[in-house]
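Letters are used for the chains, namely A, B, C and D, taken in the order the chains are written, and counting of residues starts over at 1 for each.
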Amino acid sequence: MLRIAVLGCGRIGAMHAANIASHRRTQLAAVQDINIAAAEAVAAATGARIMHSAADIFSSADVDAVLIATATDTHADLLEQAVAAGKPVLCEKPIDLSLARVNRCAEVIRGTSIPIQIGFVRRFDPGHKAVYDAVRAGEIGELHQVIITSRDPGLAPQAYLKVSGGILRDMTIHDFDMARFILGEEPTSVLAVGSRLVAPMLMESLGDHDTITVVMTTASGKQAIITNSREAAYGYDQRVEAFGSKGMAISKNRRPNHMSLSGKGFSDRAAPLLHFFIERYQEAFSAEIDAFVEAVEANRPAVVGFEDGRQALVLAEAAIRSMSEGRAIKVSEIS
Amino acid sequence: MLRIAVLGCGRIGAMHAANIASHRRTQLAAVQDINIAAAEAVAAATGARIMHSAADIFSSADVDAVLIATATDTHADLLEQAVAAGKPVLCEKPIDLSLARVNRCAEVIRGTSIPIQIGFVRRFDPGHKAVYDAVRAGEIGELHQVIITSRDPGLAPQAYLKVSGGILRDMTIHDFDMARFILGEEPTSVLAVGSRLVAPMLMESLGDHDTITVVMTTASGKQAIITNSREAAYGYDQRVEAFGSKGMAISKNRRPNHMSLSGKGFSDRAAPLLHFFIERYQEAFSAEIDAFVEAVEANRPAVVGFEDGRQALVLAEAAIRSMSEGRAIKVSEIS
Amino acid sequence: MLRIAVLGCGRIGAMHAANIASHRRTQLAAVQDINIAAAEAVAAATGARIMHSAADIFSSADVDAVLIATATDTHADLLEQAVAAGKPVLCEKPIDLSLARVNRCAEVIRGTSIPIQIGFVRRFDPGHKAVYDAVRAGEIGELHQVIITSRDPGLAPQAYLKVSGGILRDMTIHDFDMARFILGEEPTSVLAVGSRLVAPMLMESLGDHDTITVVMTTASGKQAIITNSREAAYGYDQRVEAFGSKGMAISKNRRPNHMSLSGKGFSDRAAPLLHFFIERYQEAFSAEIDAFVEAVEANRPAVVGFEDGRQALVLAEAAIRSMSEGRAIKVSEIS
Amino acid sequence: MLRIAVLGCGRIGAMHAANIASHRRTQLAAVQDINIAAAEAVAAATGARIMHSAADIFSSADVDAVLIATATDTHADLLEQAVAAGKPVLCEKPIDLSLARVNRCAEVIRGTSIPIQIGFVRRFDPGHKAVYDAVRAGEIGELHQVIITSRDPGLAPQAYLKVSGGILRDMTIHDFDMARFILGEEPTSVLAVGSRLVAPMLMESLGDHDTITVVMTTASGKQAIITNSREAAYGYDQRVEAFGSKGMAISKNRRPNHMSLSGKGFSDRAAPLLHFFIERYQEAFSAEIDAFVEAVEANRPAVVGFEDGRQALVLAEAAIRSMSEGRAIKVSEIS
């Protein structure tokens, strides 16, 4: 049993703590949060002990590995400390909102053999993974286009949006990673357009957008298209389509049940989509832990590591520049 | 071009007339109805000439074949006259409501080589036909169960119901034929239950039922299950499922368009099913004409002939007796 | 936390034990099996202690409730002992293969207020439950027909089949309960037909059938149709359809992922259905525990209790008699 | 009955001629082609008379209107002649491959009240039209994104590709019109990327692309995304999705039948998509004729007119320039 401590007991930290506590291959070694009440709530729910600082956790002999689910601006520091302490680390995305900071972090940890996994949980979704597997197995032939739809069920709170780093770094970051995952090649050129349609005035005040499209191409001409919206009335819209010379694979949306209703004036009406990431990616969050355990136990690199986190941010930066300059940005322009 | 005359210009006759008029392999030679206004309306819409009696049609050198779409109680007489006149005939179902009359008709036409086709149009539906083809091609292995759902969008007018012969002879007759078509074997035993749920008082007064289930078995143990209702709020529910040792084939419902809508509280809502048989079986009605033309031109038996019409009625009689006696009826008990 | 002991550590007992161990409202108090190795395997996987007899469990102050997952022929005895010991009990279906034994058990426990829940887990499936909810909420109007498809992915081992009590008591028993659940009325008449198509010689030797259809009607004329097969090449086929005056609700099949593939000659091909009950009814097994905990904590009758278990067996007996006599059996004939 | 003459008896002209001949509101007045054999084949199939020149047709008192289905480079000339002759005209897309020529044509016909309809047939597809209707009826609230997928089943012959004007003018032209149709606003900015993945060497030699993505935005920020491929192994992939503040509407793909097959290792496999435009847009081609008849009979502008044809070409030109310059092109830059 891998003894994992969770740093950060907000919504996603609490979920990870519960998953680790009930996972057959892990123990929840400890939880920690600067908000003591949050840590206590998670401790009460899971029976885990509370440790009062990250430093205590990193120095504890009873902690085999750590999961970082704190505020984004602490990720890089904690990740560096974890590596220094020799603790394998599963770090929530993004590593940092600043590419410069991520690059410095890369310098600090350069050469480490400590497993570092970044929380791109969607790679572990059974449907998205099945698209990946179909592509890799050649079931659609040569890959031509990847089309990713990702729409949140509702606008995040304004307080969160202010510190989110903007839709491209915060939300699209998952889709940049998904595109790289399915493409199996690095995008070399990025185009993006952004609109303010969900909450125009708020977005204007934040200098942010709520509706975006990104088009990326690789050196061989493969295309990846991402569409995002901050609000979808019918639930959390999460689809991945891969199109190739021999066919198409699509990972479809999921619902809380498989009941459909037909009545006067309509047929086959289904429940709205699973509301949000904790429900939608439930199996994926568990499989993400599995993958981390396997990397740690085998002492080998995580299947989705630090450089994946960095590359997704590079693509976000390219998209941000494209949106502002109205032109295709070469990824090599970003550093 | 096969010159076909249509006898009977009610709803289904008018449809057949229009189909024959626009069909690339047929001409509408004439139309006839004892209701002159009905004949005139069809003549006006199609440009066909009116003939004033069935006898005129049967004796006309300009008529190659006839389609009988008159009232059910005239089918057998007209069919006999058509055969006597040497005119190939496509006769709407049922041949007659009385098995005795059908049996006498069988005697009268015994030995004829004139092509006679019975209007079991559903055999020509692309989806149902694809199930048949999959079964015959062995795609589901050995056939075990056939499950047929057939629900009308709404109750027929009382005047029609009174002369319909009851749900089993009028509506289920199509499903008896579909079961035989898919099974590829004759049912030997029939069980049926009937309920009065759509219009209890009316059904009571008619001695009829509006909701029925029939279960048939063949000598080898294959099962066919039919469920019928006289009213389905969401449209004309028409499904055929075949289950076998290697898989399952299902012919699904059809809608007027393929648009689906998702919104607050629901997802993937589709249009109601195509309303009724003229819309739902549009391609089938055209393919039925094709099959008739082919049989006539090749002077060979129709793919769905007189004996098919008779056997469906035998099954209806067995079901009626089962419903009344509460026991499995052997088909050999019916004659 | 409700402390539940599990009696019986076979496949289903092991699954229940794991569920109880990881359930947020329960503790796995102990496990027991006459096969010590089985008990030890479950104890090792869950960390639970082993108790060496049912008697020890019933007398233990550290056990709040018991789950009976032993061989069917021990269910009734253990259930009686649990009630005598004042331990709430969740008992796997069927209570016994003999209606006489079940009736004696009913006498023994008559008047008890100890919560007794029978393991008709499918009532807790999100999809089937959503059909139930739609019916109860009037979304399909007055209920007319319930159509249940239940096909196992593959034939059970011959050793199991020999002691299973036959397909109607062993497999259809779930569907009898589902029919009663959705109908909301007791069936009064039962018709059944059985065939030997999956494994004809084996079924002949066992005096059993592998392919069955059951049709039941209630006093008000509602109909329930069940089709079963012991083998479905494409996975565990589990569907429930309810049809009424205002519409239709259907609980569709489930797959391990939502990916579909299109290629040369086909489109939209999905994964096979979830293989078997442990995967297919995963959420339901967890929700079943929830319901049991709620009944015990509130000290009120379970939502699916002893009499539900008995009535399902009564319907099985009626179906067995119908199959043998080829006639509709009134449920009142069975006792 | 509107008497329509068809100019051009290639594949699409032959189809139009057959549709007009069997349409209940039209007569096929004449057919014409410089390839006499082609005209004769269509005449034989439809019974129409052949006229030997466009001039004969334009001057004939027996011709009420004309349908232009000749080679693209003759469209504009014939359209001008038709208008000069006072004949309403339904002209296949594109009006011309040269925007300059289209602009000159616009000058020539300026001020005419003769109905001119451009053959953007997809507007009349029941599914795409249902998306349009849902958007206009406010069923998805404020429109945010339109996502159009259009993939041909297979690469057109090289001879055709050489004179096609390139994928954006030839194939995407339909999608530019669909985007304008659903958006209800003019795009003001266009981004495009193109790849050579289906037939890299051929495309290189033609200076063309086979895989493209176009992103357009309107002044209010609405986005339209088009993805195209010249080859899809599973058939003619035609989808339109509209996403808005209250929901999403999607027009799904169509198949020749609604049968699905489940077997060992898979479930719910459907037939490949309808192969190509004549089959896929069969109802739409008929509804297109309806709309033309209505415009002519009411002597009012066609629902999809000359300016729609011109605007689609403007967007194609903008996309071509964007692809070459790697930047967003303002539509106002094109003239």
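Following the convention adopted for this analysis, a residue touches a chain if its C-beta (ideal position, glycine included) is under 8 Å from a C-beta of that chain, and two chains touch if they have at least 3 such contacts.
A quick note: this is a predicted structure, and the numbers were derived from the prediction, not measured.
The chain pair B-D and the chain pair B-C differ in C-beta contact count, and the higher one is B-C. Greatest centre-to-centre distance from chain B is found for A, with centres as Cα means.
Computed centre separation for the pair chain B/chain C is 41 angstrom, with centres defined by C-alpha atoms. We define each chain's centre as the mean of its Cα atoms; on that basis chain C and chain D are separated by 57 Å.
Multi-chain contact residues, meaning those touching two or more other chains, occur in chain B at positions 233-234, 246-248, 253, 260, 262-264, 271. Considering their complex, residues 141-142, 144-145, 147, 149, 151, 189, 191, 193, 195-198, 211, 213, 215, 217, 220-223, 225, 227, 229, 231-234, 237, 243, 245-248, 326-328 of chain C touch chain B. Across the interface of their complex, chain C is touched by residues 22, 24, 45, 126-127, 129-131, 134, 139-140, 246-254, 256-264, 271 of chain A. Within the complex, the chain B residues that touch chain A are 233-235, 253, 255, 260, 262-273.
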